[in-house]
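What follows is a pair of complexes built around subunit A, which joins subunit B in one and subunit C in the other.
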Partner chain A sequence: MGLLTNLRDSISRVTDGLFTDSEPKRIGIYGPPNAGKTTLANRIARDWTGDAVGPESHIPHETRRARRKENVEIERNGRKVTIDIVDTPGVTTKVDYKEFLDHDMEKDDAVRRSREATEGVAEAMHWLREDVDGVIYVLDSTTDPFTQVNTMLIGIIESQDLPALILANKTDLPDSDVQQIANAFPQHETIPLSALEGENMDEVYTKIAEYFG
Partner chain B sequence: MPGATSGVDGNDDPSDDGVRIDMISGARMEGLTGMEKIRLILDGVRDGNIVILEEGLSPDEESKLIEVTMTEISPDDFTGIEIETYPKPDANSQSFLDKLMGRESAQKLTVIGPANRIETLHKDENLISTLVSRK
Partner chain C sequence: MPHQCTECGRTFPDGSKEMLSGCPDCGGNKFQFRPAGQSTDSSGTPSKRTPSEGTPSKDTASEPEPEPPSSQQSGGKPTTRTSPESTPTGRSDSASSADLPSRTESDAGPATPDGDVETSRDTSETADAAVDREKTTQRVHDEETEDAAQASARSDVVSRDELDRASRDVSATEEPTPDHSESPRPDVDELRNELNEQFESIRIVSPGQYELNLMELYDRQEYIISLQEDGRYVIEMPDAWGVED
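Coming up: the complex of A and B.
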């Protein structure tokens, strides 16, 4: 009898593992270069795990490889959501190493950086099609959101039926215009925040729990 | 299949003193696979041409176009592409059957060119204005 009970319990554990939705959701943080994706990823990781994801910089393409922070547990209103944060390189259709020379970089370093950036963007696009369960799309609210890259990426995300949260970042800056972003993508909810200053992160976490929980 | 971007008179580089524009009809793209479309576009753009697609690409094809473009960028040779389309038509305007079958309404004129030769001056839902420079 004990053998049968053990067997039944074992089968139950296996089937529970197969059919419950306990795996962390992989949430990709996407957006154009310099929107503040890594700053946000670090803010989320530090708030809930104490660790950072990667270095932040004002130089475009500081993040040249997708970086992942696993098992970030976010608790909101009694609800716990476990996500893997994937901080991705800023998506673009062009990379010219000469732009990096303006940031006091030697040519060899600039060429290497541009090569790594192109590989990172290619990888991020592949991930978007194959490997993410949801998207946090970060935009710099001081810049025009009506760009082709934004339009294409939002279209790609929608075509994959991925849940997407649009964040209007950098609200601490005087030129911030959240409404402009809301107008650009009226089919999505836009949440304002300053990842740098940690402003409105409570609402961001509530929405993460709501969208990806 | 002959490349849409090879010179009609056998001269493969007719754009020495001008800018060449390839306008590719929806019918021409219809029978091609996603990768064939991307190859057709990138081969033309890498030759310095401006490619105009009558019906644009699907989101999945756009995603692959970015990915393949990134793999082909090389210093002092090819810095990538500039691409502009009219905003995607309202999803509500799609027919029920299109939505059911997951078909995108891809009727969106698309302009693609080498990043170092084409610059968008203005874009709204009715007008795309670009500045194209010579080689």
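Coming up: the complex of A and C.
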């Protein structure tokens, strides 16, 4: 018995040495629609694996199914962190096909997109409960963060004791107000970035390694 | 006295709790339902139990033993769901649950005179026909106490909330609205709305328009993987997840 325990301990020590952590952590990228989640996921994936996660779009609910990029190895300060990135559909309390009609979409397509987006939100919420070890919460820093969705999701994440990194995205836009995001969730550290332009990504990776490593 | 012990003949009012653990007198556990209109027939073929027949005759069943004001007081107490401003006409009914022991003594046998039964039918008919306020109120009270008795009898099985709701529905018909079948409607609708708000995870407003209850979606074990045009969901059950994993 004692021999087995010792053996197991020594094996786990060896594997710990080989990999920085026993299993890659699943990090969900959450946030409201159009906050730049997929842009960020693609940026991270491209920077460290060379592949993209999924198509980006300015039309809300482009991501309607959670997409996963596995074994993304991030190296920071001589330390490797392996994570699975889960890009989730934007979480919202209302989905209306009419908002897609403005984007040159036929009604049938808009209705279908709306339905898929709703399914995607259900899926994202389910993943948050079952399948995620940490959260990168992406907010559009040009919009008011005090929304029901943000408050509720951050509340859920906190109640789950999940490590969470809040990113104030779109700092390249003139209306960006990072302080507004920081004020909304003072209990968390807020990192400004532009996922589109790749601004401040170094700090983002450092924080990812620190929070999820 | 719609229920009668087949062993000793002891009778119990509709919805009595006493009989649930057997007849208190002889321990018998077989009872027959006897609409009071047929109480004279001891062989008891409990044929019909339509409320219009059962209720008023139950009324008369307690009438042979009139203890007017005092029994009304004591009767009013246990059936707390009865509206406090119950008119004197509600007397006989409210007595039905409270005066149970004494009543059953007198009602034990097939004692109700035929004449009484007749008058009771008359009363019910006139009450139905006339729009007279007093009589309709009496009818409402008949229903009310019956419900209260039923409610108290079932309270071990049915949840308290449900009972309260049931009794509220009836007391809401305090105004002379004899057709109380209408009255529960608003409450049911209200309740449905309330439940929708609390429990529905995805509300389909119209095709392509959805409202999502995030907390509910998060709390559910199973998760919705497909929404159908007709408003149905396809969900993935937690068991399936377990198998997959």
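Note that the second predicted complex is superposed on the first by the 192 of 213 C-alpha atoms of A that agree within 3 Å, B and C clash if a C-alpha of one lies under 4 Å from a C-alpha of the other, contacts with A are read in each partner's own complex, and residues count from 1 in each chain.
FYI, contacts are C-beta pairs under 8 Å (C-beta built on N, C-alpha and C of every residue); 3 or more make two chains touch, one makes a residue touch a chain.
Bear in mind the structure is a predicted one, so any value in this text is a computation, not a measurement.
Asker: Is this a clash or a fit when subunit B and subunit C both end up on subunit A?
Answerer: Aligned on subunit A, subunit B and subunit C clash with each other.
Asker: Is A:T151 touching the first partner subunit B, the second partner subunit C, both, or neither of them?
Answerer: After superposing on A, A:T151 lies in contact with subunit B but is clear of subunit C.
Asker: Touch check for A:V95: first (subunit B), second (subunit C), both, or neither?
Answerer: both
Asker: Mind working out whether A:L128 is in touch with subunit B, subunit C, both or neither, as first, second, both or neither?
Answerer: The answer is both, since A:L128 touches subunit B and subunit C.
Asker: Using the superposition on chain A described above, determine whether A:N77 touches subunit B (first), subunit C (second), both, or neither.
Answerer: neither
Asker: Mind checking 73-81, 109-117 or 199-207? I need the stretch of subunit C that runs into subunit B in the superposition.
Answerer: Clashes occur only in 199-207.
Asker: Could you tell me which stretches of subunit A are touched by subunit B in one complex and by subunit C in the other?
Answerer: In subunit A, residues 91-97, 111, 114-115, 118-119, 121-122, 125-126, 128-129, 152, 156 are touched by subunit B and also by subunit C.
Asker: Give every residue of subunit A touching subunit B within the complex, in rising order.
Answerer: Touch list, subunit A to subunit B: 91-97, 111, 114-115, 118-119, 121-122, 125-126, 128-129, 146, 148, 151-152, 155-156, 158-160, 187.
Asker: Quick one: which bits of subunit A touch subunit C in the complex? Just the residue numbers, please.
Answerer: By the definition above, subunit A touches subunit C via 91-98, 107, 110-112, 114-115, 118-119, 121-123, 125-126, 128-130, 149, 152-153, 156.
Asker: Within their complex, state which residues of subunit C touch subunit A.
Answerer: Contact set of subunit C toward subunit A: 201-202, 207-215, 217-220, 223-227, 241.
Asker: Under the definition above, what is the set of subunit B residues touching subunit A in their complex?
Answerer: Result: residues 58-60, 62-64, 66-71, 73, 75, 79-85, 87-88, 91, 104, 115-116, 120, 123 of subunit B touch subunit A.
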